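The following pair of complexes shares a single chain, chain A, combined with chain B in the former and chain C in the latter.
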Partner chain A sequence: MVGIVVVSHSAKVAEGIRELALQMAKPEQKIIAAGGMADGSIGTDAMRVSEAIVDAMTDAGVIVMVDLGSAVLSTDTALEILDENLRARVRIADAPILEGTIGAVVEASVGSPLEQVLATAEGAREMRKCL
Partner chain B sequence: MSSFTVAALEAVADTIVQNKELLTSLDAAIGDADHGINMARGFEAVRVKIRAAAPGTDISGLLKLTGMTLISTVGGASGPLYGTAFMRAAAAAQGKATLDPDGITQIWSAALQGIKDRGKASRGEKTMLDAMEPAYEAFVEAVKAEKSLVESLDAACEAAKEGIEYTKTIIATKGRASYLGERSLGHQDPGATSSYLMLAALTEFCRSQQLGA
Partner chain C sequence: MTEIQLVLTNPTGLHARPASQFVQTASKFKSKVKISAGGKQVDAKSILGVMTMGLRSGTAFTVTADGEDEVECVAALASLVESKFGEE
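Let's turn to the complex of A and B:
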């Protein structure tokens, strides 16, 4: 089952999204929050993200959900410091972080492969709320 | 060389910490007002880490320690950007026990490429590259003209300063400042400024050590 990492500038945001997503998840599913800095301040920490990717890793790989600007840069940096064989099994979703995470978690929970989970997460960009 | 490298990195860290207010006020004008706070937090952590590093840690090891510390303590985009620069610099410095102008050129080139790769940016987008790339080119040219190390660094500082002035005349297309569009005109880029400050500190350090004078 594809693992999910949630990277936000805010620890509360990352934790909150994880909490919401867990409602849709299988008990054994890995959803790891990697928000904020070690000292509790706002920001993203590439070391923390790389540890979260390792924690979330399964044979099926990991999707990383990101919020703003430096979350992407920190995740790219995290990938650079990971082992190459792990790196090959990680994708960063270009998607809204909350809706994308929910979509990814549901898709992963049915055992879909990495690229399909990525496509579903990124599909959240097109999701209408008010019809 | 090890204690020398520690002292050089400390000089860089000191200047960032001393200029925390300046960098934050520049960022308040066109960004999210955290560049000085973030950079100072990162370099305070760097100061602690490099002082605690095992004696005899080589140049590459100290640069790597600096990069790894920045990526996990700065918090904003400058963390992964400068962190990647120092980590790529560390890779280029591997096996080097001393640094001559050619070695510095190689290391600087790797660091510059790291920032371009990480930020997917190029010159003219109102970023640190607008100071750092002309500075690198001026350094390379001065070294080719057989200027001393300090003279070459002085030429690089001049070019970086001109680069900062140039950032006032262009619109930001990368990072938080890009949300401002034309309203970013007239303001100097905080990242270009922090790049210049680090370079200037390194230059003064080399001058104080009477290197290649």
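Let's turn to the complex of A and C:
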């Protein structure tokens, strides 16, 4: 089952999204929050992200959900730190972080492969709310 | 092809957790499963599709399954809806 990492500048945002996503997850599913800096301040920390990716890793791989700007840069740096074998099984989703995480978690929960979980996360960009 | 008409009686409707339960249940079966309401139809195994339908409590919708396990699939989804997704 594909693991999910939630990277936000705010630890509370990352934790909150994880908390919400867990409502839809299977009990054994890995959703790891990597928000804020090590001292709790606002920012994104490549080390925390790389540790979260390792924690979330499964045979099926990991999708990283990011909030804004430097979250992507920190995740890129986190990937450089990682072993090449792990890196090959990680995708960064270009998606809204909350909606994308929910989509990814549900897609992963039914056992879909990495690229399909990524497609669902990114498909959340097009999701209309007010019909 | 097996088809059933259902009415959402849980308070939330087919959003959030109920939507994910619906998709997870549909995905257990090999059959192709669709839901339709108000002239729209989506793949019941697609969380984005189901969430985009925005079905509210009290709404009637149709579940259609096509495949070797279509009867069991429709029965499982009907049972989930009738159980109000465990909300009450």
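Here, the second predicted complex is superposed on the first by the 131 of 131 C-alpha atoms of A that agree within 3 Å, B and C clash if a C-alpha of one lies under 4 Å from a C-alpha of the other, contacts with A are read in each partner's own complex, and residues count from 1 in each chain.
As a convention for this text, a residue touches a chain if its C-beta (ideal position, glycine included) is under 8 Å from a C-beta of that chain, and two chains touch if they have at least 3 such contacts.
For clarity, every value in this text was computed on a predicted model and none was experimentally measured.
When both complexes are overlaid on chain A, the residue A:Ala60 reaches neither chain B nor chain C.
Contact with chain C, but none with chain B, is seen for A:Gln23 once the two complexes are overlaid on the shared chain. Within the superposed three-chain model, A:Glu80 lies in touch with chain B and out of touch with chain C [touch as defined at top].
In the superposition on chain A, A:Gly123 makes contact with chain C only, not with chain B. In the superposed model, A:Met47 makes contact with chain B only, not with chain C.
By the touch criterion defined above, A:Ser109 reaches chain C but does not reach chain B. Under the contact criterion defined above, no residue of chain A touches both chain B in one complex and chain C in the other.
Interface residues of chain A facing chain B in the complex, by the touch rule stated above, are 9, 37-38, 41-48, 69-70, 73-74, 76-77, 80-81.
Across the interface of their complex, chain C is touched by residues 23-24, 26, 102-103, 105-107, 109-111, 120, 123-124, 126-129, 131 of chain A.
On the chain C side of its complex with chain A, the touching residues are 16-17, 19-21, 23-24, 27-28, 45-48, 51-52, 54. By the touch criterion stated above, chain B contacts chain A in their complex at residues 34, 38, 41, 68, 71-77, 79-81, 83-84, 87, 118-119, 175-176.
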